[in-house]
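So, here come the structures, one by one.
Note that subunit A is present in both complexes that follow, paired respectively with subunit B and with subunit C.
Up next is the complex of A and B:
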């Protein structure tokens, strides 16, 4: 049993890296707009299906298909925030959060309406797992890990070095001060909705690459993504990465004594544990 | 047709019980609970398991279901008592999801995704299908009435006033010497007892429960009920539940009129319509049909005070 631990750790890091992508999207949206956006789930699903169409119908390979996932999910995120969620914001974050649940159910059913309930698999070349002694690593997993790391690097570079990225951090940090400095908060909100939901879409497709996708793909992953963001500290982007790795590894290690279907329960327990012990999360602000 | 209407009535009654429960938690105390369906499931499973596996009488099962709902409510409230609302939203939603995963996997207890069938209904065999439905409708109506008057009483009692004070500003309530956390926990307990009761009744009425029934959409239906009727208002909760069931059922008739849709597409379209309706309602009618009553039923509220007091604006 103990001999499985190294394998589980490797799987956990890979799963965590994938989880970090939508978790960054979620936490970035939270940082700027200050509400838990549950419609992340359906945007992940939309991304997964956009990538699926690009991959199986248009014959794109993984990376270009991921770009499609980003663009389509981002665009839907931008439009749905502009026309559905934005009007709620003045009514408070709870109304907005409830609205985002209704939105996610609506969007999920749009996907179901178009694609049906059946499982769909990506068209990927069959590859044999690499073996290192007792350890098995799938080439696709390594590719996913590499993609996630690149995505994270791009996000960090964007936030650190570009004017828009800095403006985004300013709005997240202190909206009124950012406003005084002439930063257009509405524009930043649109960019963060687009990029955040685009990342959710990429995350949805990365999750789907390992297995298969259906209209509930995003919803099943949602608890883990929220766990990653909360464990790391809602609103903190480095926190989302740390949280995602923690949750990813925790979920894999739980396989030692629980069945795989309990993955999302582990995510929930992680949320509870962190909120009891350190409500602000590992790298975040106060939660009460 | 009568039987169908009676069944709709029973659904409306069960939704009304849940909306009344939510009204205590959200409407009166202003606490977020996006995991309503979890407490509903706790009640349903508790009562179903006690009556099918241990053969306890239905009445005992239903009481235990409500009690278990309250107990779990207390637990969730204690864990989350100090959290900000947005975290409470995540935790309660996650709680309901985690519970559904557990119910799907602990096959030894819950029979997994197959669900529990053959849950006994009161006098089901003696009354025949139509008689049973009618009897259950009367039973549910009586319970809704009882809970309604109890919660009305609660709402105008000093306890209800403290809850509303906490909702509007919990620091002021604390300064006034109220033990805020204790009140929040009690509000959760009372509300979740109503949710558990509704769940238990649901199981005994339909004789079958399964994890797939307890989806977040059901939570939304109840939010929709309370929003349609008016948050903070018990009468609104009941009226809203009736309206929501009527609306949900009417979509059932509209969908077959559209040609060329598969069963999955029809179901998907129905959920799109329902969630779309919630979005529209949330957007344009946060006050609901029956706005929250003033602290006294006979003294009219001042104009303009409504918007300030609605918890959706908190």
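Up next is the complex of A and C:
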């Protein structure tokens, strides 16, 4: 049984790294706009399909297709927030969160209307896994891991070194103070909606690269993404990464003593444990 | 005295009202007399998830009804159908069934499709002694206390899993691993496959249940491959089975895989690289395509006949023949007599009209249907059924056999 641990750890890190990208989007939106935007699920799907069109129709390779996924999902996120969710915000965060559930169902059905219900696959060569003794690692997974790491590095650099990134952190930490300092909260909200949903789109495509995509692609991943963000500390961007790795590795290691049919219970258990022991999440709720 | 004046008109009104209320009952009673149409109930999904199969099942039954009417009807009466939409929804289906039973007074309801719908409609039927024919496959359906008022022409899970294991053993696989999506059919399938493989000299080296809606099943695949199987049975739906097929390819598994045809579809083949789906066997319940009954159904409908149309053809044929045999159109008579014409030593017949003619001559018959032999166990399951097997080669299905 112990010999299985290294392989499970590798699988968990790979799965966690992919989860981390949309989890950063979810937590960044929460940090600035102060509501859990469940429409992230459909934006992940939209990104997956945008990347699919770029890859299969326009012949783009993975990285340019990921840019398309980011841009299209980000743009839809910006517009849907501006025209659908923004009017909800004055009614409180619960109303806005419920509005985002309605939005995600509507967008999911738009995707269904355009692309149908069937599965679609990216036009990528299938490669056998590399083997190192008893361990196996997939080339596609390594590529996905590398892309996730680069995306995370770009997000952190953006937050640390750019004026807009610093303004975002300021709004997330103390909206009133940021307002006094003359930071335009509405502009920051638009940027975070665009970037957050763009990241969801990238996450959706990364999931799709490893599997196939259909209109429920984002919805299937949503529970794990939400668990990752809550466990890490909803609103904390490094927390989203830590949470995603915790959930990813936790789910895999649970297979040592649980049937695979109970894998999702780990996500819920992690949320329960963290909320009991550390209600603000592993890294608290500071954005950065 | 002033107060008594309106009494008579009130009595008259009461009498008139009672007469009006009684009129439909009188006409219904008259409607069941010789010469009046014989009304049978159809409850198929015309909308909802079953909206693809329901209308075609309805047409198949109507076509047989027309054929019987053209040949002189049933017990000297024309067959007439009372049709309702079950909406693939238990709540809507129960309302529709109540209407068929209480208003249309049908002795039989033919056509429920989804297991959840059948589970909801069945109690309404057996409580009102109405016969029910269904296509729902869950084992639990025929285990309901239906007192014999239910038959189904779809193979149940037990029968399907047994046939799957026989085919798998026939491929020469000695060590088989079963990966099942967590669902009501998962454990019964695993148990039956284990049992039949052991009888056939093969072995189920292991099995696992996996969760739906996961984005990766790498660790599950590792678990399966540790038992070094010759063949892996993937018992799930398209979204998870396609992920498993990819993972098995990446992990270097070269052996054949076996799956239900509803999980490895044409669209699934399009979405997966060819090398991933190579040597995947698929299976589905099949009509008895070589039988004269199937040929007759094809001619009657003027198109290809699928398993659901074939089963619908058999329901109305069985019901008509049973009513003719018992000379009584009630649910209880259907319950008592259906096996007298569906199985046994009588002359084999392949259409309702042919059977009605022989029954009219006082002969015993055994109806052999378009979907299969239509022999029923005590609880209403079919005893046997054919299955269609295919294999994927170069990204396309190649027909293997119907057996």
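Note that the second predicted complex is superposed on the first by the 275 of 288 C-alpha atoms of A that agree within 3 Å, B and C clash if a C-alpha of one lies under 4 Å from a C-alpha of the other, contacts with A are read in each partner's own complex, and residues count from 1 in each chain.
In this text, contacts are C-beta pairs under 8 Å (C-beta built on N, C-alpha and C of every residue); 3 or more make two chains touch, one makes a residue touch a chain.
Predicted model only: the values in this text are computed from it and were never measured.
Trainee: Using the superposition on subunit A, tell me whether subunit B and subunit C clash or fit.
Mentor: They clash.
Trainee: Contact-wise, after the overlay, does A:264 reach subunit B, subunit C, both or neither (first, second, both, neither)?
Mentor: After superposing on A, A:264 lies in contact with both subunit B and subunit C.
Trainee: In the superposed arrangement, which partner chain does A:128 touch: subunit B (first), subunit C (second), both, or neither?
Mentor: In the superposition, A:128 contacts subunit C only.
Trainee: In the overlaid three-chain picture, which partner chain does A:272 touch, first (subunit B) or second (subunit C), both, or neither?
Mentor: first
Trainee: Can A:103 be said to touch subunit B (first), subunit C (second), both, or neither?
Mentor: first
Trainee: Look at A:226 in the shared chain and tell me whether it touches subunit B only, subunit C only, both, or neither; answer first, second, both or neither.
Mentor: In the superposed model, A:226 contacts subunit B only, not subunit C.
Trainee: Give one of first, second, both or neither to describe whether A:18 is in contact with subunit B, with subunit C, with both, or with none.
Mentor: Second partner only, subunit C.
Trainee: For A:177, is the partner it touches subunit B (first), subunit C (second), both, or none of the two (neither)?
Mentor: neither
Trainee: Subunit A residues touched by both subunit B and subunit C?
Mentor: The answer is residues 223, 259, 261-262, 264 of subunit A.
Trainee: Name, in rising order, each residue of subunit C that touches subunit A in their complex.
Mentor: Answer in residue numbers: 182, 208-211, 213-220, 222-223, 238-239, 242-243, 246, 249-252, 267-268, 270-273, 275-276.
Trainee: Using the touch definition up top, name the residues of subunit B that touch subunit A in the complex.
Mentor: These residues of subunit B touch subunit A: 32, 34, 79-80, 82-87, 89-91, 93-95, 97-98, 101-102, 104-105, 216-217, 219-220, 223, 262, 264-265, 267-269, 271-272, 274-276, 278-279, 282-283, 286, 311-314.
Trainee: Enumerate the contact residues on subunit A facing subunit B in the complex.
Mentor: Touching subunit B: residues 30, 34-36, 38, 84, 87-88, 91-95, 97-99, 101-103, 105-106, 109-110, 112-113, 116-117, 222-223, 226-227, 230, 234, 259, 261-262, 264-265, 267-269, 271-272, 275-276, 279, 287-288 of subunit A.
Trainee: Which residues, counting only subunit A, touch subunit C once they are in their complex?
Mentor: Counting only subunit A, the residues touching subunit C are 4, 7-8, 11, 14-15, 18, 118-121, 125-129, 131, 136, 138, 140, 207, 210-212, 214, 216, 219-221, 223-224, 252, 255, 259-264.
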